[in-house]
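Listed after this line are the structures, all set down as structure tokens.
In the two complexes below, subunit A is the common chain; its partner is subunit B in one and subunit C in the other.
So, the complex of A and B:
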């Protein structure tokens, strides 16, 4: 892996690095344990990642637009609780799902409204709604758990595509990932996110509807979190107020590791997906090799530091290299 | 002729013995403990017992688990243990339902599943090793208090919340127990609720002492309640005069036992719980039991155990912790 020194190629370089790391992790996993590279294990591995992967898609869009949504896991918890409450109250499942998705959409819209209408930083807003939505989740369901979901629905979360080892939710993820990639990389809307994230003032002058775009992003994030909540609830056949607790950190870790700049304006869907799987593969391989939990947490932490450090370090190196080049030129004159 | 009778008798005896003897425990059984949480002293103590048992029957054991008590984190461990082809999984479930489909999948592939400490829905495991029955807990508590106050005087209960299912089941049994002739001089005057909140339990205990000056003893069958109550008594003139017992952990209660506030309290012994769970897992793997009611297996130093209704094995009476033994426990 050479370190590319042109700005445009540096992003590609990071993606290539991540993909190479995924390959390396797969190799490492298969040497650590014979059980790693089996269809059943890879199936379990991806099944365990699906909620993180889903929410990471919308988080990618938000972070590229230089915002953040810390409330995603709380929205998921609240939506899971609502799904449980509705089902316990004998609401037909399709209607219960629609209402659950509606609640998530509304929660996301509220985030977006606070950010755009009141001009508050999304970091502060979503720290607040992180607590608010989790609190509402407990208000809805308390410490109860609803579990008696019909097998047809739980199988959608837990089951495999007939005749294969592919978990059903992964199919939904692949479709949504393709859709997100097309929207981000091949539509004017997608390009506008990079523009807003790189320089919001310039984007405004260029006539982009920054507020409307951001409102839409947060609303979509809420909808996606609700969808992930439905998947989560069926996958574990358990609706609880503490479902998906702490998931926002895994999502943001994956987005940053995937090469999306925390300052906005940079990143790609493929990088983020690769990063989600990189983290998942490493954790699965280390668990299979009976590496203790503490080491797992440390490795995940180091990966996260690497994710912030990697792109920045390469940029700094480049800058330093550029300065030296200029200095050398100046000396020659 | 005599010779033949003797031979026949010997043969019958041998056959009878063979019919009684169960298949021996296999060697090298792989057993994985999956607690709700690793690095939690309670589960570490249980694992100590589990490990001791595994050593006795020459198995191969390990403990794995999440550092947070979420159900989803346990699921990935179940899948991993399945991929590693462990013979048995001994799990304390963070969620009674979330693990069931995954445990069923494991059982479908021949893995034996034992729950301990915290059960799952019963089609998700072969055997549940339960700490103690509600009956045992309640009757042992009354007996313990009666001993401390000489079977005489006004008593109260400091419970958790008014709608806690287990607490209410125990209180019901305690009331029943108190109708027995030997307890005729003990009078239950009040059931207070500390909501499993330290501050609230502390004030409730204070309130009990003010409202019932003749109170001789209090049972607090909750670890939060008993430690808050002990803290109040310890700093009050009632220290050593009013008996306090209930369910607590040695680490919480050590100072109050040592300074004379509390004579003795009870809880199951987590080390024995893990020990019993290991033997149950080994008996399942070796084909001695399948999890049906009435089946028996031998559990090392804990002796012969019988599987009860719904595949539940009960550890048995509570362990009483007092000055003489409290320093042997760390959880």
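So, the complex of A and C:
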């Protein structure tokens, strides 16, 4: 697409903006309702976000490398269905979980294989596997639901760390988020994703193993979707084929709102996490203030559009006012 | 696909070769389609009964209509994810026009659907063309916004067939020479846009913008205006589809059309419209929609286990995408080699 037109946006600037928006949303929430800034509500708020937050971590890596994975929610649904089937067939839970994670990894590997070995665009591939994996979820479980999971495991899904209000899945998320941030921002592998996303041809000439990297990214995305499926299944104590339906759009919305460029090459983990929580906080605060659900949908969409439109417009304005100084640099136009 | 647009690649082959290639792709899709119909009919003769063909045509028609607008946008290397929300919103709004004015002439509902759709499409077009928001982000955003507006307007209610004038409902079931009127209308739109894209200067501009926007600008094409028009047309067509949806089903709530966007894009991609822009035809996209519809009803006619049907459909979709892209790439390579000689 028209790359030359994309305005330069300082990443730090966007992160500061979105963190400020989070603070603003917290402030707004506490004025709208007394129940908002309670530990119990914040705990509930964050556990509602955990699946989106988890999958958004690997989606960040994929979009920075200028690819996309639309099949994440279908992988999660398929894995949730498998977990239910295995448990209903009296497979011991640890083994069932390992097999579920294995299926997600395999599904992600298949996406990556199609993208890298056949050279197909990831948008087309994952629209196809979105249908395929959701279909396999129904093939596995039909319209049944498996709900009789043992309390020990469901407690991992909706329980709290003893003595605190911190949901157990959030602990897992924090660890994985820290790991992702370190890998993305402090390792050669992470830097290579930016290089691939900015200019794949140049990255290849620079000796980066583009195909192997992308294969790994899609595989990781599948594994993470499976992990999110396990969390989801235990949190609701229900395995169903339609679990996590439509989640992919929420994940992608969060990643883009978090400042990751859809053209690749730009973005950060902290921005995406802030965006996930921004959406969650706004929705929670508005719900507590009895704002109807439909407004939440509209606000989410507007945030997404404004997150890109805002910086673009300000860059165009800047370019218009400071044309003398900036023209030589080749700014927005 | 990248081979087609690599800068510095040899000059494109003569146009007649290109059009022959496209014809070959549509022809191969038609062969697959006919084979599928033949095998299914051999196994279950009732597959070709008048009633089931009619149902199939009605089901495919609405998707095929939305694919027309999506094709315009895809040709320009953009995408319109918001079509399902536009369809849902216009279906409800045109229905509530009937509720408010029971004596309203039917054509007014169509006009309203087209108008509302065009306005919603203009929002997308302005964001993409002048706001420089990537189409994927802009239309994902408006997918939420339009659906949110839909929920706010509907507010838990719904339109039912009893709210609609009888003449409107019979529009979907009525037929001319055995072909449902609804299908005829969709065919007319497809033929119209097929000719427009093929033979008119502004129609060719969609291909130019998608193949190379900078070259198109240098050639004197107003790219921004073309993008805006494309999104408006996509919106207007989705709006028309909303009115047809209302006529066909009679009952519409706020969730109408949810998830349709992926089916529409899938049909276009199967029909040979490249998501990388500049390649594809309305005829191909229409055949893509028909192929997906036939696969769906063939699975039912062949009594494929109900819960496996979606998986089989997904696998076939993936297969179609893979074969299509690999064949296109091979053809492009063959063309390059030929022009080297």
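We take it that the second predicted complex is superposed on the first by the 300 of 333 C-alpha atoms of A that agree within 3 Å, B and C clash if a C-alpha of one lies under 4 Å from a C-alpha of the other, contacts with A are read in each partner's own complex, and residues count from 1 in each chain.
Convention: contacts are C-beta pairs under 8 Å (C-beta built on N, C-alpha and C of every residue); 3 or more make two chains touch, one makes a residue touch a chain.
Computed from a predicted structure; not experimentally measured.
In the overlay built on the shared chain, the residue A:202 is in contact with neither subunit B nor subunit C.
In the superposition on chain A, A:293 makes contact with both subunit B and subunit C. Of the two partner chains placed by superposition, A:95 touches none, neither subunit B nor subunit C. In the superposed model, C is the one of subunit B and subunit C that contacts more residues of subunit A.
Looking at the shared chain after the overlay, A:136 reaches subunit C, while subunit B stays out of its contact range.
By the touch criterion stated above, A:161 is placed in contact with neither subunit B nor subunit C.
In the superposition on chain A, A:319 makes contact with neither subunit B nor subunit C.
Once the two complexes are overlaid on the shared chain, A:186 sits clear of subunit B and of subunit C alike. When the two complexes are laid over each other on chain A, subunit A has residues 246, 293-294, 297 in contact with both subunit B and subunit C. Of all the residues in subunit A, the ones that touch subunit B in their complex are 33, 35-36, 38, 40-41, 44, 48, 145, 147, 154, 158, 232, 236-238, 240, 242-246, 283-284, 287-288, 290, 293-294, 297.
Listing the residues of subunit C that touch subunit A in their complex gives 1, 77-78, 127, 131-134, 136-138, 140-152, 213-214, 259, 262, 265-266, 269, 275-276, 305, 307-315, 317-318, 321-322, 325-326, 329.
Residue ranges on subunit A touching subunit C, taken from their complex, read 1-2, 4-7, 70, 114, 118-121, 123-125, 127-136, 138-139, 142-143, 246, 249, 252-253, 256, 262-263, 292-302, 304-305, 308-309, 312-313, 316.
Per the touch definition, subunit B reaches subunit A in the complex via residues 38-39, 62, 64-68, 70-72, 75-77, 79-80, 82-85, 95-98, 100-101, 121.
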